[in-house]
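Structure provided below as structure tokens; questions to follow.
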Amino acid sequence: MDYQFNFAPVINNFDQLIYGALITIQLSFGAILIGTLIAVPCAAAKTAGIRPLAWLVNIYIEVIRNTPFLVQIFFIYFSLPALGIRFDPNTAALVALSVNVGAYATEIVRAGIESINRGQVEAGKALGLKGYQIFRYIIFKPAIRTIYPALTSQFIYLMLTSSVVSAISATDLAAAGNNIQATTFAAFEVYLVITVMYFILSLGFSGLFSAIGRSAFRYPLAR
Amino acid sequence: MFRTFGPNEFWYIVLAVQWTLLLSAVAFAGGALGGIAIALGRVSPVKPLRYGALAFIRVFQGTPLLMQLFLVFFGLNIFGVGINPWVAAAVALTLHASAYLGEIWRGCIEAVPSGQSEASWALGLGYRDRMTHIVLPQAAKISVAPTVGFLVQLIKGTSLASIIGFVELTRAGQIINNATFQPLTVFSLVAALYFILCWPLSLWARHLEGRFAVATAR
Amino acid sequence: MTTNAEHNAGNAAVEMVGVDKWYGSFHALNSIDLTVARGEKIVVCGPSGSGKSTLIRCINQLEIVQKGTITVDGIELTAGAKNVEAVRRDVGMVFQQFNLFPHMTVLENCMLAPRKVRGVTREDAEATARKYLERVRIPEQADKYPAQLSGGQQQRVAIARALCMNPKIMLFDEPTSALDPEMVNEVLDTMIDLAREGMTMLVVTHEMGFARKVADRVIFMDKGEIVEVGEPESFFSNPQNERTKTFLGQIAH
Amino acid sequence: MTTNAEHNAGNAAVEMVGVDKWYGSFHALNSIDLTVARGEKIVVCGPSGSGKSTLIRCINQLEIVQKGTITVDGIELTAGAKNVEAVRRDVGMVFQQFNLFPHMTVLENCMLAPRKVRGVTREDAEATARKYLERVRIPEQADKYPAQLSGGQQQRVAIARALCMNPKIMLFDEPTSALDPEMVNEVLDTMIDLAREGMTMLVVTHEMGFARKVADRVIFMDKGEIVEVGEPESFFSNPQNERTKTFLGQIAH
Amino acid sequence: QTPSEIQGRGTVNIGLLVDFPPFGILDEAGNPDGYDADVARLLAEDMGVELNLVPVTGPNRIPYLVSNQVDILVASLGITPERAEQVDFSDPYAGIEIFVFGDADLEVTGPEGLSGQNIAVARASTQDTSITEIAPDDANIQRFDDDASAVQALLSGQTPLMGASNVVISQINTMAPDQFDTKFSLRQQSQAIAVRPGSDELLAYINDFLGRVKEDGSLNALHEEWVGGPLPEFVISGQ
């Protein structure tokens, strides 16, 4: 092994990496937010068994979950303009990530809703609450709590997946790394540092999510 | 040099499925070997093994597969193996699959009731016999559904090998797209091919899950 | 004490006429006729699977019947969704498994429905909730979560929660059978208090002591039918029906 | 019949001296002294959580004790891993939940340990297995899987499986309490047969009929201590300790 | 690395692009083809060895070379000082001129015209470096993994402008006539064959080879065939 490690290019361009990491964080949180906004009504529609809607939701979920994200993002960035739908790279990345995580989160949230004891719904009905009130006030929070760990690991997985968006010239952390690598040729060093940065991001995300979980779900569980 | 999208282009993309499948198969085979080692490490009575396996899982589940591919791709060079997308993709996907399968299978091993291990101890069976004859056969049964589910994730993961230049389904699509400039057709076809590969597996996994739920409910 | 014949539909709290209910091909309720007068207390007993829960769950439409009419407080239930909501507001229900909302404090459990269904202000809802928590003798638990309470306390919260909607009728489905023995009495006492205040009550229970003490009538069900109805005195001492006899023999041990 | 004083370590099957066991800060066994003679049958009873299971699980080191010494068949257990394996080979154990291996037939269940641990040939292992399946009176079930057997049959397979290792001592942890009532006796009969043949047995059970019939001594445990030891006659008719009296009162109903 | 070493082995491994028409493409059977491939064939023939063509990509072609995966790159590698630190360049064997190119109705005549515009380029290509040098701060340079993705971005309307070579431009013009036009020239770029640093003998051999094929017109014939014109003057004269 006569390889000379050279981290100077990485250190000299570290501001680019920081900028890229910030974009990665923005993309991830944006997608988490939008994805959740997609997932909750889709999951509700699926569990409520509203026929045509549940069908559409199923098609959405199956298509997204059975095709690679890379192909989805190519499709959105390169193919949709042919249909008159045009996003800039970072927006396209956000759209693709949101649509992607939305599909996975729908299935997770659905499982959460289904885990809620029927008695809870009946108690709500017996008190005269309407369907959406039962969902909003009775089912929602406990359902999210049961699936919170699964949901947050999906979110972290999403953040890691976002490294692919540099393929459509989005300017995330991986893109910053690709740019530095392409001009300095210190490929291994660059990717090593980026990988460590992603690892720190995933630790940060999981710390943040568990802190949010602790403060949002303070109520004790039955013994 | 520009071509129109014709039967040749169509078949070029369709035939690239074989490389996706081959890469998935290699990664799955490697991941199965690595995964069993990681899973056994995670439930091992030896502390350093437990922590080592845990660290492996944390690292490979905490960093992007794409970066793992790049690192292996450019890192092989440092160890004098040279850069080769085939080797890099196979190694990176194997490591990736080992981490995920290891974690899945650990769960399955732990799902075997502890009474089974106690009975083996009480009969005087050693670690090896207990694992090979009692615990693993039962864990294997539980693991089929989540393993098939992971296979879908792995097949999709092979698409990232296109970024380091490995010509599989996604890369074939890009190449044809670059020659024909018909992205809607090309990427619809690529997506459809992945869907055809993955969807039956997804359905099968869900079917197995359902059957297992029924079996354990009794 | 009143007998069945004396109740007329005009002032009836609940009236069921020719009610049939199937689950698929399983006949869960078989031409049920039942009239409950205002202020009347009814205890329903019978073997497991005989349709007791189904019977009282039909009254607030947690189960939908296929035949017959159910009228609650003058409102014909089977006539439309609007009526169902109106009736549910006026009928309180207490479940065997309490079904408290685990993510809300006791106070929030009690305030939710009055605020969202009746549109009561936060202050009024809280005042009502505290009043009823006082009534079921656990005012000091208001800020705890259900998981922090004993089974008996949880069931009393469930009663208070139902009372906060000022229901005209209370339904109880085996309210004490999920409780540890030492907690059964505290819940029964709360129910006896409620009975004394004149609430119309339908109670599925096998607590025969309670039945003797408060029931105006005891109903015995078997295989989806009302097999025997009587005042507690005669019902226990001198059951007419063979199945009732066997059943009372079993639970008397 | 023998009394505690008569047992000396030399021919003892099990000897526990000053054994203490903690789970974290919870004191599960509190300075236990117990000597079991060869061929002796001991019944252990006591309230839930009193440490009965822990006691017998210490004997084949399914639980590791923090203080005291345990000697089984002359082998000091606490002295090293080699000894633990030696002892486990000689101590058979039957669990409340059977713990048969669901993916093996009855015969395979019985043959596994002799082949893997003792290195017996397939033929010999099969012959032994069939012999013991005969002894527990289910030779015809040899090729079925556990899930195809009734609870009582499963438990008898568990006994046969343990016997196939030719153990010198058999431990039973509530062997009949997971069984439907009609199957309890078939298992107890098997155990009585075994007792008659002179096997050393420690049995956790609340089947007092069994205790009267076969026990040389009955041990009563509470809160991790051995509270009372006696021959069954005097133990049941004239318990000395207050806690024993209350307990016997409860289970006698 | 020396020519005799390669000749002793009997095979030469030459890296080339397959996604850079018309220099490097895949033919209908999926084998490497194009100007670079033909030059490589010519070279191998000249050396009297078997040719093993190794497809590489824009970002990884230099790592391929320096890690001994290939002996020689005939991979449309433009000569730049940064690259010259990594590899040794031969005399030019091809050349392109790169332009800012884009929507016909867009008025751009110089670097200031890039202000506020999106420009697609292949990451770390010569277009990338030259546009990055001259573009005003508020120009938005979108970097893709390869030239084809950048062309794709232009054609799909994702960017109104791109940095492109004359070769790519002539192809886009046949695809979509009159839709786009050339805005201004960025630089002339000579492409050279590359070897590992220190392979002086091999380099000398290649330069000698290039001199001969330029002289006898066979290189020019290939250029006519693939690119559709004679070798540019700056390539023939370039050293």
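For reference, chains read A, B, C, D and E in written order, and residue numbers begin at 1 within each chain.
By our rule, contacts are C-beta pairs under 8 Å (C-beta built on N, C-alpha and C of every residue); 3 or more make two chains touch, one makes a residue touch a chain.
Keep in mind the model is a prediction, meaning the values are calculated, not measured.
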Minimal step count in the chain contact network, chain D to chain E: 2
Neighbouring chains shared between chain C and chain E, ordered by label: A
By number of C-beta contact pairs, the top two chains: A-B
Identity of the chain that, by mean CA position, is farthest from chain C: E
Furthest chain, CA centroid comparison against chain A: D
Angle of the C-alpha superposing rotation, chain C to chain D, to the nearest 5 degrees: 170
Whole-Å gap between the CA centroids of chain A and chain C: 46
Chain centre separation (chain B, chain E; CA means) in Å: 37
Two or more partner chains touched - positions in chain E: 63, 145, 149, 152, 156
Per-residue multi-chain contacts in chain A, two or more chains: 78-79, 82, 167, 187
Per-residue multi-chain contacts in chain B, two or more chains: 74, 77, 163, 174, 177, 183
Inter-chain touch pairs (all): A-B, A-C, A-E, B-D, B-E
Contact set on chain B toward chain E in their complex: 1-2, 8, 12, 73-74, 77, 82-84, 163-165, 167, 174-175, 177-179, 181, 183
Residue ranges of chain B in contact with chain A within the complex: 59, 62-68, 70-71, 74-75, 77-80, 152, 156-157, 159-160, 162-163, 170, 173-174, 177, 183-184, 187-188, 190-191, 194-195, 198-199, 202
Parts of chain A lying in touch with chain B, wherever the complex brings them together: 1, 3, 62-63, 65-72, 74-75, 78-79, 82-83, 156, 160-161, 163-164, 167, 174, 187-188, 191-192, 194-195, 198-199, 202-203
Chain E contact footprint on chain A (complex, rising order): 77-79, 81-82, 86, 88-89, 166-169, 175, 178-179, 181-183, 185, 187
Contacting residues of chain D [partner chain B, same complex]: 60, 62, 85, 88-89, 91-93, 95, 97, 99-103, 112-113, 116-117, 161-162, 165
